[in-house]
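For reference, chains read A, B, C, D, E and F in written order, and residue numbers begin at 1 within each chain.
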Amino acid sequence: MRILIINPNSDPVMTETIKKAAVQYAEGEFEVECMLTPGAPKFIETYEDDIQCADGMLKLVRENEGRFDAFIVACHDDPNLDAIKEITDKPAVGIGEASMKIASMLGHKFSVLSTDIHSVPGKEVLVRKYHLQDKLASVKAPVRPISDLADYMSFLETAKAAINDDLAEVIVLGCAGLAGIDKKLQNELGIPVLDGVVCALIIASGLVKYGISTSKLRLYNPEY
Amino acid sequence: MRILIINPNSDPVMTETIKKAAVQYAEGEFEVECMLTPGAPKFIETYEDDIQCADGMLKLVRENEGRFDAFIVACHDDPNLDAIKEITDKPAVGIGEASMKIASMLGHKFSVLSTDIHSVPGKEVLVRKYHLQDKLASVKAPVRPISDLADYMSFLETAKAAINDDLAEVIVLGCAGLAGIDKKLQNELGIPVLDGVVCALIIASGLVKYGISTSKLRLYNPEY
Amino acid sequence: MRILIINPNSDPVMTETIKKAAVQYAEGEFEVECMLTPGAPKFIETYEDDIQCADGMLKLVRENEGRFDAFIVACHDDPNLDAIKEITDKPAVGIGEASMKIASMLGHKFSVLSTDIHSVPGKEVLVRKYHLQDKLASVKAPVRPISDLADYMSFLETAKAAINDDLAEVIVLGCAGLAGIDKKLQNELGIPVLDGVVCALIIASGLVKYGISTSKLRLYNPEY
Amino acid sequence: MRILIINPNSDPVMTETIKKAAVQYAEGEFEVECMLTPGAPKFIETYEDDIQCADGMLKLVRENEGRFDAFIVACHDDPNLDAIKEITDKPAVGIGEASMKIASMLGHKFSVLSTDIHSVPGKEVLVRKYHLQDKLASVKAPVRPISDLADYMSFLETAKAAINDDLAEVIVLGCAGLAGIDKKLQNELGIPVLDGVVCALIIASGLVKYGISTSKLRLYNPEY
Amino acid sequence: MRILIINPNSDPVMTETIKKAAVQYAEGEFEVECMLTPGAPKFIETYEDDIQCADGMLKLVRENEGRFDAFIVACHDDPNLDAIKEITDKPAVGIGEASMKIASMLGHKFSVLSTDIHSVPGKEVLVRKYHLQDKLASVKAPVRPISDLADYMSFLETAKAAINDDLAEVIVLGCAGLAGIDKKLQNELGIPVLDGVVCALIIASGLVKYGISTSKLRLYNPEY
Amino acid sequence: MRILIINPNSDPVMTETIKKAAVQYAEGEFEVECMLTPGAPKFIETYEDDIQCADGMLKLVRENEGRFDAFIVACHDDPNLDAIKEITDKPAVGIGEASMKIASMLGHKFSVLSTDIHSVPGKEVLVRKYHLQDKLASVKAPVRPISDLADYMSFLETAKAAINDDLAEVIVLGCAGLAGIDKKLQNELGIPVLDGVVCALIIASGLVKYGISTSKLRLYNPEY
């Protein structure tokens, strides 16, 4: 089994972070490859960013459909995931959808750790798109703007506030770039901390193994 | 006041239909222009179609921002409307959002006339995006596939079924290409029939006159 | 085009405030008249107040149906709006419904500025009646009781709290008597501030121009 | 204990029907009186009807507050119930609210038997007002217009359709004038059939005995 | 009429507290008996506790079905209530369901006083099970862990916080063991305070008198 | 990795069916064992059945906690799943929850194939418990009662009705005993058909591999 993880942005550092988390989970049981998206912005933050990475992402899927068994979109906002579900016959999984749906099985409510308060409304829109709004404790960003994604202490503090103030029972990392702090955070907090890349691998590898993919009947039918 | 209506597809016939409806409403009180989207597919039906018209639509907005006071997206699925709300300081209105929110003020529940049963799930997703799912009687498409958008009798029959079977009290035309049959249908049915192009002009011209545009605080902030 | 704005209460000062905002928006493009309701209480605050202004409001509509093309109910609680939608064939628009539905198109969530904490539950009931509860950031009243509606600083402070604490992206003035502070507030806050009177004029004048009115099929049928 | 049942309309026959059902339930354990509303329409069907019975209903409450321990509004649309909850310190119960909330405890979903298809939207609005929309199987009216409320066979047939087609498990009589057919219908259908008058008496007499009435803190505070 | 109140736990002190409240309400108009559940845990706090009291509760119902006209489950989490509704032909009422549905008729939103913050998620699950989530102001537990259920001042303080911070208008006692503080709390707070045991007696005695019980059509059919 | 699949009933034939599906999916990559529940009823259909299998299920978990890495509850109603999540530190997954949450990622709406119309309300309750009610096309049972679970043609016909009448895009097998017909049905229907046993294995094996289990903070804390 071979799974292609598409990083919708063009940042090689974040691509490497994602790959590391993925390889560690795959443990040689299946192959994972991680590609950045040519022509995409360095970060995906706005609606226009979603558009700017779209062509590159679809091209990656089309060029690699023969070589891979499933595709993962590795940005927590799941940009262009619907289009990818539509164009490929292989399973397509977003790290946002996978992580939040798995989180919903593990406790009463979950909080999404976000990098900046500006992204809260957009994440709320996504949560509701997946019908998870009533399982959401909060989308929580550090009170003070963070300097970089490596600012572990800020995220720890933010997660603690989600647990105590919003009664979160599960933490979801709201950015692919946070992959790698899940276990450290989980050990400190004592509750499940979910990295979307791994969650998407769980779903994608399972679907491949089971021989299931997206329904092409109507919503994701590319040819109607 | 000048309003630019963007037809997200590249069909000159549909562009003309839209323009005619718009000019008739504007009646010389404000100027409307209607442009098709260069490089866009002939029809917008799939998620990939939304992506393929995106660049062209954004380019139209950017090139014309100085000359117009508001922008209208004239496809009932409101493709790339969020991105346009984000990139321009002028009001941006979709014919889907405008028509369905106005419909919600005029009766208990509304039905959306759609051209094909394949588009029903996508329209339901859109209705819920706008938080209108509980005001929706049904998305209704002709039982038999239609040959073209001019198949008036099919839409009349479909609207009657929506009224009698689903208890719709207002009809929304679910495709910009249906602009022009609203009054004929309304006269026959005896209940309000809304063309999205006109509804979007109502909102857009009103916002311009009032000096109101999209909030750029967080969700539609292009620069965070 | 002539639009009658009905102030459900009997306060001539508030009637004047409303009229001023309306005339300024109409700018001579259409005529607006503003009438207070004979026999109504000075303020509309309770359920009984709604009843006490009902007869007068309906009488105003009936006496003026021939002379006007649309009716606006200019109290943010939209008292007796359903009955007016029922008895007249002309469009009938409430400033509560119009302002909050327009607000829902302009940003992620809106807050309603209210005059007193006692009115919060009633406004929440209204918001849910219009199916807007998931677009509501908060109904927010000044922490300290205000002396009068001219206490601008209290409303500014309340709006800022809505923006920062409740993540509101749009502000709706929750009382017709606040008409007139919209632009000042908007300039200071940097996000859209909506006066219901103007919003209702946008919808009402548009409906008249478009030849659309309330569906009389079932819910608003006066004769079944 | 003395409970006043207010029939919002002015029909003496329906008043008698209501009284009979009430007296039969009270069985001498408490006193019930049933009054029609002076000045009210003969039937309550429209929004304007609600207004036309309002003054009379409030007057009845005020004149009788000293003599009674609770008030019941005996029209299934609960007209002016909010205002009555507001003006009296005694418990005020509507037959719509009481019957549907009790129904929600007795089975998966309930259907409301209505007299005419025109009333379906209004009843759906009421059901949602009470947050019961997800417990509703259907509002169901006889397919053929009924000649009078005594058309038992039509209601039996309608109830059977609700059970079989909409999977209703409980039937609620949607009109005070149907009081009296509950037991006959229940025997034939084999599932609970609820008359709102009795349901309101259950709640009202219980509240009186328990010393509980409407909260006057904010929503029903008559003096803020 | 004879009503059996089943205390799902095996604590004789709490059983006595419940009985006292019940007898005081019944006032000799009907008989109430209160039994603890043999073999049950001393307190019902976890999902496993629900299971451990199940056999004993069902046995109590079966052994006493001939002698009683209705059954009440006197733990605010309504453990095993669905099974009891299923196995008996007599009305079965939970103190959680009864108190919260009655609360929903008395004011805008209610808060549930809980004994410990750990129980908040479970109570939220219950509130949603009864479709009351939008009528809930909050589930509120004392900030500091309480020493015992007699810690009146903690609950008073908690109720005040629910009123002021969460805008609760009605208070529901969230534990059968709190029976007895309702009137004292109500006098101090000035808003309705509901003890579930009494609320369940209101519903159960009313259903018995009316000749209504659980629908056995599908959801609670013991024999399909 | 070793996963224990608990069949909540005591039917060895159904246990064998489940095991076969599980072993086929595991393909030797991890070990699966499948046990029936001693003392449980032969079928799990009622609320009392849930109780009667509870002790046996919990005992199985406790006795086998040391030997297994995860537990699966293999009845589509997920009986006692909450209690098992509570008592074990290992991941616990229900076939109902897993299959329906995976279904929600694969198409617009899913239908659950049920064995009998009597089970529809109970399944609707379960779907809503998992917050999936808006992703549900229908719970659909064969129109004519089936003789046994091997009545493939009935389920095929039922699935086709779900697709055509309710617009289902994904089919979920609503009974563990249907394991084994998934691929045959999928080939005939052309859309994804999900067996819950496999879906639960996907989630459970993934959680084990990832080192994630149920949050014990509050809702599933066995010791508060």
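In this text, a contact is a pair of C-beta atoms (placed from the backbone, for glycine too) under 8 Å apart; a residue touches a chain by one contact, two chains touch by 3 or more.
Remember, predicted model here, so these are calculated numbers, not experimental data.
Undergrad: Following contacts chain by chain, what is the lowest number of steps it takes to reach chain C starting at chain B?
TA: Counted as steps through touching chains, the separation is 1.
Undergrad: If you tally contacting C-beta pairs, which comes out ahead, D-E or B-D? Let me know.
TA: Pair with more contacting C-beta pairs, B-D versus D-E: D-E.
Undergrad: Regarding the chain A and chain F pair, does the interface count as same (over half of residue numbers shared) or different (under half shared)?
TA: Chain A and chain F contact each other through largely matching residue numbers.
Undergrad: So what's the Cα centroid distance for chain A and chain C, whole Å?
TA: 42
Undergrad: Hey, how far is the Cα centre of chain B from the one of chain E, in Å?
TA: Chain centroid spacing, chain B to chain E, equals 51 Å.
Undergrad: Where in chain C do residues touch two or more other chains at once?
TA: Chain C, residues with two or more chain partners: 108, 120-121, 125, 134, 167, 169, 218-220.
Undergrad: Chain pairs that touch, all of them, please.
TA: The set of touching chain pairs is A-B, A-C, A-E, A-F, B-C, B-D, B-F, C-D, C-E, D-E, D-F, E-F.
Undergrad: Of all residues in chain F, which touch chain B in the complex?
TA: 108-109, 134, 167, 169
Undergrad: Mind listing the chain D positions that touch chain B in their complex?
TA: Residues 120-121, 124-125, 128, 133 of chain D touch chain B in their complex.
Undergrad: Quick one: which bits of chain C touch chain D in the complex? Just the residue numbers, please.
TA: It is residues 45-48, 50-51, 54-55, 58, 80, 82-83, 85-87, 116-122, 125, 129, 218-222, 224 of chain C that touch chain D.
Undergrad: Going by the contact rule set out above, which residues of chain C touch chain B in the complex?
TA: That would be residues 25, 27, 29, 93, 97-98, 101-102, 104-108, 130-132, 134-135, 163, 167, 169-170, 183, 190-192, 194, 198-199, 201-203, 205-207, 209-220 of chain C.
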